[in-house]
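Can you read through this structure? Questions will come right after.
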Amino acid sequence: MTTHLPILQVIIPLLAAPFCIFLRIPRLVGIFAILVSAAAFLVSCGLLQQVITAGTISYKLGGWPAPWGIEYRIDILNVYLLLLVSAMSTIVLVAAQTSIKKELPEDRHVFFYTSFLLCLTGLLGILATADAFNVFVFLEISALSTYTMIALGTDRRALTASYQYLIMGTIGATFIIIGVGLMYMMTGTLNMYDLAERLPEVNTSRTVLSAFGFFIVGVCLKLALFPLHLWLPNAYAFAPSIATAFLAATATKVAVYLLIRLVFSIFGIEFVVTVLPMQEIFMVLGLAGIFAASVSAIYQLNIKRLFAYSSVAQIGYMILGLAIGTKLGLVATLVHMFNHALMKAAVFLAIGGAVYRIHSAQLIHFAGLGRKMPLTMAAIVIGGLSLIGVPLTVGFVSKWYLVLALLENGWWPVAILVLMSSLLAVMYVWRTVEWIYFTPPRINIDDVTEAPLSQLIPIWILVLANIYFGLNTSLTVGLSKMAAESLYGIFGGVL
Amino acid sequence: MELVLDIISWIFLVTGCFFCLTGAVGLLRFPDFFSRIHAASITDTLGAGLILIGLMFQSGGWGLVMPKLVLILLFSLLASTTASHAIAKAALKSGLKPEVSSADEPSEGESSSKL
Amino acid sequence: MSDLFAVVMLSGIYSLISASLFLDLDAVDVAFTEASVGAGISTLLMLASLKLVSRYQKKTRYKPILAFFVVVTTGAMLIYGTLDMPHFGTADAPVHTHVAPRYLNESMGEIGVPNVVTSVLASYRGYDTLGETLVIFTAGIGVMALLMVSKQTKQESKKLIPADMQQQIILRIVAKMMIPLILMFALYVQFHGDYGPGGGFQAGVIFAAGIILYTMLFGLSTSQEVFKATTIELFTAAGVLLYGGVGVVCMLLGGNFLDYDFLKHDPVHGQHLGILLVELGVGITVASVMMIIFFKFTWRTVKHKYKK
Amino acid sequence: MALSAEMMLILTMVVPLIAVGGIAAAHKYPNLREAVTITASLILIYLVSSLYGITKAGGVVSVQGAELFSDLALSFRIEPLGMIFSLVAGYLWLVTTIYAIGYMRGHHEKNQTRFYCCFAIAISSAMGIAYADNLFTLFIFYEVLTLSTYPLVTHAGTKEAKNGGRVYLGILLSTSVIFLLLGIISTWYVTGTLDFRAGGIFGEEHRKAAAILLPLFIFGIGKAAIMPFHRWLPSAMVAPTPVSALLHAVAVVKAGVFTVLKVCTYTFGIDLLVSLPTRDFLLYLGCASIILASLVAMRKDNLKARLAYSTVSQLSYITVGALLATGSGALGGAMHIATHAFGKITLFFCAGAIMVASHKTEISQMKGLGKHMPITMTAFFIGSLSIIGLPPCGGTWSKWYLMVGAADTGKWLVMAVLMVSSLLNIAYLLPIPLKAFLSEDGVEKDRSFQLKEAPLPCLIALCFTAFGCLVLFFYPQPLYEIARAFLEASGNYVR
């Protein structure tokens, strides 16, 4: 069975999702979802082990060889993110059991879990595949299920948020498929590695150039790169807490992965930096995103929106890492993808725990909660510290590598800007802290107690992971370095 | 024989085309909704029907094509007449009155032209 | 345009015209799908949802300059992209020289299905089709989750005298004659997909259209006696499970996922069986998702009526 | 108990953390809670003292932690300067705790559990700073110290306190993140190591880089409060007095100047420092800081504010001592860490005692207070003498060596500054006790209740520290020896 691990990674949740409809009983479906996700996590662990010992794994779907059939190709980069996504979904699902019960009417639970598993399927599918069109298919699965999950939010504004995302997401997906179509037109193949081989012959043509343009814009819409981030804050703010935690931790990371694949594996960094001034564009947009979104975050009244804006800012850091265009820059991006998932999942789950008790995500309703829910609030604080990049947390590791990469490239003014931007993070995190700890309560919170144990445990697993991976970086940095090596290896390490 | 079949078929085709054309002209030129839908259904039934019959003569024997064409004719006769009926009824139900004489209520004629 | 009804009609016409265009390009399968899905069922579903909302769009206060800009830029980019494209129909275009020849030349020997589109769709790139089926399933889940109907409404609707068209005798009689034929045709399309244009997607849509026609004429509660919403919900899942199940069976028999060669001793027979089954899965899911979407919209309409 | 020295080193950081748990657990029983704190501080004193014994006997104690990333590790080693700092911090924790018990209860403060917890964390991180063997470790604990003292500053939760906390955190974090972190990463990038080594880590070829990095470090170590980054110190005055004492005499500011000294001697190396072109500029900035802060202090009527500016001035003595880049300068700086700590903590204790007993905060109200609070005022007098640098107090010795250092370099301007500043010290400190003892009026008129000495724990504490000031004058030998050892360890000798 071990040879089938690449496909098992995706079809376990894929088949489990429709199966949920048959199970019908909400509690049962919830537990089933956890088991499925845990199985996916185990599979990705197995894959990690295989990839490390045996190198890249290729799996032919339907038994057809690569350019004719669809291929799954797992290398270090994939498996790194597969591990991240499946781990996050498992942890989040554990917390979902109680949280969903309060936020959604019972007859929708089954559909929520089904959508969740479908979303997981989509994300894992995007990560595992080596086929450009297959990417699009799974992108649609994850996107559609995401719209559903967001629209299920209790607030009526969730519907508009979901609709907004649907429009933007569809534009993004359309652009991606146009890009894929044009590439197929010029090469006659859809397999990424086949594309990478055949594109250089035609990459001076305008068709390929516009294919690249469409693909990049589409992916950037998906990953909410400033200024294409407009859908994100509302979507995160009004979705059910669990959905927010999961999406914040994984969805944008997968889009960033897609961008990395596109830039490094399909077109090649050489093409990307020579034909278009992508380095400059990414740098400017990344920085603009960091500052604009951080400043917006400072003025938010809804704590979920606040951290949603912070997500946009954090994406700026990832893009900035890519913009550097060096191995170390890529490492910084990859490390930050992992770390950001850890911190955002922790923060949003903790917020979910608080919402579970006080039924509001308004910042003023969080006033004085520090005394009532010390453990949950401490999780928000530690997550926030991690966002700032305080030592001993994962955020510091990310920042360290990013600044190091910037210095190595001689971009020291950007390095200073990056460091300054973390002060903006201090400002929005500290605003939260002041509300939570140093402001008397505005609403009656006498009966408020700590979040239920089934949420506290996942929250604190994530918080401890934030600290653990801040201290022991052998997994994150190690894998990122290996991934960066292999990605640069393809084109013999230009730059 | 071939020639006869050809001539017959062409007669059907040309008449069919003629009805299609008149239907189209009627659709554009008739004053109110109900007379227009009359013109439109001529296109569907007579026009398309005659063309299909003409094609049947062209199909050359009782192969696979002939029954298919017959079926299409049958379905189109059934479906388009029913559809015309349904549309007219819906229009009536939603308050659109046929123009009995041109002097009556020109405003309704205008409103129908907006449809 | 603020008249949404007209918008829906125009989009249907657009689909029909593009179907003709595909036909002209010799892409019969695509044309068929476009006609049945784009012009057919999606127009129908849009009309059903239009019944829930107002027919006219609210006036917007801003002018959609940004949208216009995006559209113009996209168009410009597309035109720019076409400049260096190989000319249409050129024999040495990359599309015709790299992957496609194998499909055209080997498919008969490897899969034994005359319609190459079907063999690409269901076997060479069968996994994509599984994904597409899942997309449809996901859409169904979305509608089911968002348009939940409370149990109370379900009970209320039993008392309800359904369907606005109850009085339309001509329509009812004609439809009674047509519906069996439509369903028959759906099955024909389903199982004839190996040889001619057709397959699970189109068949499912046509089948659903037949049922929807029935529901419109005879009322929701009548059709629910045969097609219970809860049962159809199960069928949406069953189709995907059937498709995926075939893949898993292939794995258990020693092949890769969706490698139909292993289903029977003879690879070509295996391919036949596999394609038949997965197409069936697609058909089941598509039909039931379309139906469930329509039903949910109709439930909503019923609920609205009761509120008033 | 037979503990290995390495174990003890780790325990110095762990014991306060364990105490945090104990304090939090005992939050319902104030007596038990305070007993836990005192026990922990006693253990800490035992540990620090025995470590002192070991190192004095020539033992080398070092702990190499696990490697984190970029070949960086948390590593600790006891060297003489750190020994001074840890001894001071360790002993004064006990004293401050005793004082705090009296103060906090006398003042009926809220959130006392949080107070003691954060206090313990701050001490733990101070120990980490003291024993850090590389810049990386030092930076981590430096940031932890900032964050753990923030709740102490904002303790009152009032708007004023929040604003003070914002300035405190804002300046300390921004300097440390923008300048210090950038400096550290650049140092690592330039030299490939962050270890503290005798004679510094910059080679001749890095002279240019070092010249740029020096200001980054000096400005980045915001805790050393060199102007213009001194604003946080007066802002933090909103904190309860024990915190001010801790902040301004022991842990925080001393962590700052300690870091400055350590960076100047172990990272740059005195020999390199002398030749850096940026050094002169910083040296004169330090001198300006000394004079300006003294001048501002003279104009402050609020006692705590005056003491705060006095601290700013005194800290710059140490910075100047380090930047003088002579053996004597460094020696004086090292000694001044201890002598100033004892002097300033006495003054703060007295200020707090006056506040608890008489609710007076302004100097102009304190005339004639000596009659009612003779012990407090005597201690204040002694503390003032120590700060000024007059016999018979410890401050004499450190100032002496600073003067010698200045004379060694031949920079007469620096010497002049030191002298003028001493005069200014006299002008703003001595009038307070003198007026308290010699003036008659001003007290009884607006007092309706009996004015008497502060609670007993406060008195014990301030007497102890005042006594410490005297001891340091009469028995300076141990301190001098450690400071000598520090010079030798950093590869320098006094003439």
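Order of writing sets the chain letters: A, B, C and D. Residues in each chain are counted from 1.
In the analysis below, a residue touches a chain if its C-beta (ideal position, glycine included) is under 8 Å from a C-beta of that chain, and two chains touch if they have at least 3 such contacts.
Note that this is a predicted model, so its numbers are computed, not measured.
The greatest centre-to-centre distance from chain B, using averaged C-alpha positions, is reached by D. Work out the mean CA point of chain B and of chain C, and you get 30 Å between them. Centres computed as Cα averages put chain C at a distance of 74 Å from chain D. Chain geometry summary: the mean Cα position of chain B and that of chain D are 98 Å apart. For this pair, chain A with chain B, the centres built from the Cα atoms lie 57 Å apart. In chain B, no residue touches at least two other chains. Multi-chain contact residues, meaning those touching two or more other chains, do not occur anywhere in chain A.
Taken chain by chain, the contacts run in an open path, each chain touching the next and the two ends left apart. The residues of chain C lying in touch with chain A in their complex are 70, 74, 77-78, 80-86, 93-100, 102-103, 123-128, 130-132, 134-135, 137-139, 141-142, 144-146, 148, 150, 233-234, 236-238, 240-241, 244-245, 247-248, 251, 255-261. If you check the complex, the residues on chain D that touch chain A are 66, 68-70, 74, 139-140, 143-144, 147, 151, 154, 157, 161-162, 165-166, 169-170, 173-174, 177-178, 181-182, 185-186, 188-189. Partner chain B is touched in their complex by these residues of chain C: 168, 170-171, 174-175, 177-178, 181. Per the touch definition, chain A reaches chain C in the complex via residues 4, 7, 11, 14-15, 17-22, 59-64, 67-70, 105, 107-108, 111-112, 114-115, 118, 121, 125, 131, 133-134, 137-138, 140-141, 144-145, 147-148, 151-152, 171, 175, 178, 182, 184-190, 198, 202, 205-211, 213-214.
Interface of chain A with chain D (complex): residues 385, 388-392, 397, 399-401, 403-404, 407-408, 415-416, 419-420, 422-423, 426, 430, 434, 437-440, 471-473, 477.
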